[in-house]
Amino acid sequence: MRKTISIADFVVGGDTFAVMAGPCAVETKEQLFASADAVAAAGAALLRGGAFKPRTSPKSFQGLGTAGLELLSLASQRTGLPVVTEVLDPRDVAAVAEHAAVLQIGARNMQNFPLLREVGRQRLPVLLKRGPAATVEELLYAAQYVTNEGNGNVILCERGIRSFDPSTRYVLDLAIVPVLRERTDLPIVVDPSHGTGRSSLVRPMVLAAAAAGADGVIVEVHADPSKALCDGAQALLPTDFAQMMVDLRRLLPMLGRRLSRPSAAGHATPAQGTISDEFIAP
Amino acid sequence: MRKTISIADFVVGGDTFAVMAGPCAVETKEQLFASADAVAAAGAALLRGGAFKPRTSPKSFQGLGTAGLELLSLASQRTGLPVVTEVLDPRDVAAVAEHAAVLQIGARNMQNFPLLREVGRQRLPVLLKRGPAATVEELLYAAQYVTNEGNGNVILCERGIRSFDPSTRYVLDLAIVPVLRERTDLPIVVDPSHGTGRSSLVRPMVLAAAAAGADGVIVEVHADPSKALCDGAQALLPTDFAQMMVDLRRLLPMLGRRLSRPSAAGHATPAQGTISDEFIAP
Amino acid sequence: MRKTISIADFVVGGDTFAVMAGPCAVETKEQLFASADAVAAAGAALLRGGAFKPRTSPKSFQGLGTAGLELLSLASQRTGLPVVTEVLDPRDVAAVAEHAAVLQIGARNMQNFPLLREVGRQRLPVLLKRGPAATVEELLYAAQYVTNEGNGNVILCERGIRSFDPSTRYVLDLAIVPVLRERTDLPIVVDPSHGTGRSSLVRPMVLAAAAAGADGVIVEVHADPSKALCDGAQALLPTDFAQMMVDLRRLLPMLGRRLSRPSAAGHATPAQGTISDEFIAP
Amino acid sequence: MRKTISIADFVVGGDTFAVMAGPCAVETKEQLFASADAVAAAGAALLRGGAFKPRTSPKSFQGLGTAGLELLSLASQRTGLPVVTEVLDPRDVAAVAEHAAVLQIGARNMQNFPLLREVGRQRLPVLLKRGPAATVEELLYAAQYVTNEGNGNVILCERGIRSFDPSTRYVLDLAIVPVLRERTDLPIVVDPSHGTGRSSLVRPMVLAAAAAGADGVIVEVHADPSKALCDGAQALLPTDFAQMMVDLRRLLPMLGRRLSRPSAAGHATPAQGTISDEFIAP
């Protein structure tokens, strides 16, 4: 039996399909709430949003930090959606854990071993993104840095690898989903927003990820992508996200899955993840 | 409206989904018929099989050549499936065209411009595979080498790009399907057999290709993969292919598609392709 | 002892270093002669120039064809430099061989097996360029397609591989020089013009190729790069080429090498290559 | 004028060429001293060695930590060579800075922004390794994370990029040396040990790096590579390192450079770096 991870009232893995959605970065309360309300209404299972943003240039918007975490908590209370948000610095893990239901390790930090160990000492589930040049083996070893510290609640995430074609930002490697399925029971989700870098490609790649056997997706949604402070080119409009969810709801039953849904609106306290099976090393 | 290409009684493109299947190489009459019978029974639209094989090593099996073409014609008569087969040498185009319904240009020859021009002077549809390091732009320019000679019946094929992870033979770049859709009306098919190199990944990648919006797939099937003279590791067993078709039949209606099917058994003469829309250059 | 290949009065391999230089494409007599005179005066050993040009787009300049070959012969008579030029089509090999001292197989055709076999049936040396996504093993197998036909005079050429960084056109993989040295006695040359795509990088990469142990380089030189019909951005001005040769002359003795030079000016008949050692398969 | 960085009595940049050498990891006092003595005797300018090791697998040897730093200080006192050593965790920066003359940021941490900021608040020079999938632009932005905090003493290091050919561990991208030279005055060094992963390729790639215009190299040397706890396959034997230095001494004058050498033996206190020119952003 495959591992499932409980997040608040949701489950990732098994026969469910978890849609995590929200803005790339938390910018303002209004911007966050607009996106959060939209993704909640359309049936997302988790709210995503970055308070600490790893940016290529030191001059780019670096996120609101602690203030962003607090806004995420408010958005979570408002929508009932648990929050997945990134942590960059081992010294910030405890603070982020107070506001998050899932701790995200970004692609640039997939082999940031002190950070992996630190989230491994928490009880919250960890969303571990594949680095853009990481092999399957390296991704699984990175997961072991977390699980070896006692936290078996790792969700693996494909988010695109570096390649040569400028027509997409990265190449989304969907075959990694069945490859990982053969080697680990950890849930596997896909990020088509970063993995393609273009909003028009997100919907088909979400459906393809589901068909490939993924346990979920993480998708960027912004009420006004042209004004986004981060990665606007890959953000879906709320209406496009809603249409994507319609398509997904039609497709999932053919794949033996159903959307992971909240059991009740309004709860805010992130629950602790649980391990139902052992992590299997490659 | 998107372009459709007629092949014998079949259509590629539009709201159909064409499954092309058969062995990597034609080895013997028995081997070919076993595979051809199996894919026809399970509902394939075209029979694939190589008579001229481009092999990395000069010491590997290079195909049966003309004798292989004749066996393909026999298998086509037997099953009613039109044949797609590769041509390597501009001097062989006429001979291959006598036995094929679709002329395949392999990935290694995507920028073999004399060969592209030669198949452009034929009236048969051309299946043009993306080179393992080719950009979208380069693929479309290669297609223009064909269409500029007067043959607009080009089917584009994603078959995996070179990358760094040894866990798959190539990386299947499914996002190219919607990327190409924005830039051309030519049909787009996917080869998950070469694109992953592992038979266990073919079924999920076929479903993912369909979900991504592909117009079809080309899949390798061998009655005894362990004895295949070429690429056995990526060939499906007939039973696994049949299961893949069951899954596909369930999924396609949710995507607004149906399997491209033969209208009647027993026909053998490959029909000429027709162009219903103009090719749109990038 | 390492293999050496005789070309007219020149040697490639051993303790010599062969500089092949000239324009990307033959455009006009004046353009070709200007470049040929300049590279001859600066000490090049062979004249390069394309009459049949493989171009990504069918709308780009495709070369002068046979007329270009005749201009190359004139330039060879004028300068005394043997000619290396590309052949694209197996049906053109005999015609090209009448005008060339070395037959070039371009990167796009590294696995064009009918073409490789055809040049393998000639007695002229073959310059075989590595495909942009070819492994060392694939390059050596491609060379075997030539040598298996009886022509052991293969010169291997690194010309850059596809990668992700837009700051250069390709990534010049100089470590392949000592890697190949361990596996074959065939001469190895480097093309820093295509390998980087930028003229300002050519000189340092020529020196680096020499230091890495290459047996020569092939470099593009154009009297007016801004007006070149092909790849002007990577062409050296004659004065920059002359400076490059000065630097090379200073460096080579420290590496146990000297420039390969013509023994006498004015000869025009390309000589047949000879094999001094057997090709060693990987 | 190009920037030079003073390290103890050495200079990196300008007309000098700095050889940094030593074991991959500090294993024992005997092992470290054997390597340190050998590289000092052969003329290295700095001693390299890892106390905190970032390893793909959590089960691999992770370094001796603080005990390794103390051994490095002893080896520095013994040989007079300043130490370059890696720091992985922002919480360890102060401790590492007590024992190092240069703080190394490894390839996996090139975009570990909290760590970059932390070393940017130190006064010691920083050796910043390019990530295996990092573009030139991303490397320069990473350097700006350091310089923006006030520490302009950044040495950029090419150490190989991820690619598709299994014949080397990474592809050493030497063209980045002149590319970076056009965009920044920061010194540029090359790591052919990690960049190729094979000891037999180190010497030719060191010479090629010098010819390409690099300001130095960082090379792994181990007295008994077969017993190394880390990366033995790429470590040079002391005798091979000594031969490499002989070759380098012969080549450098032809390139207008000389080895960076200690002014006097026995000093132990790592000096602070100084900036002689401003960092120029891309």
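First chain written, first letter: the chains are A, B, C and D, and each begins at residue 1.
Throughout what follows, a contact is a pair of C-beta atoms (placed from the backbone, for glycine too) under 8 Å apart; a residue touches a chain by one contact, two chains touch by 3 or more.
All figures in this text were calculated on a predicted structure; none of them were measured in a lab.
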Note to self: Can you check which chain pair, A-C or B-C, has more C-beta pairs in contact?
What the structure shows: B-C
Note to self: Need the most distant chain from chain D, centre defined as the mean of C-alpha atoms.
What the structure shows: B
Item checked: Averaged-CA centre spacing for the pair chain C and chain B, given as whole angstrom -> 36
Check: With chain centres defined as C-alpha means, what is the inter-centre distance between chain A and chain C in Å?
Finding: 50
Notebook entry, point to check: Where does chain C touch two or more other chains at once, residue-wise?
Noted result: 133, 137, 161-164, 166
Item checked: chain B residues within the chain A interface of the complex -> 133, 135-137, 161, 163-168, 171-179, 182, 192, 195-196, 200-201, 204-205, 207-213, 250-251, 254-255
Notebook entry, point to check: Okay, in this complex, where on chain C does chain B touch?
Noted result: 54-59, 88-91, 108-109, 111-114, 131-133, 137-138, 141, 144-145, 148, 161-162
Item checked: Touch list for chain A against partner chain C, complex -> 162-164, 166
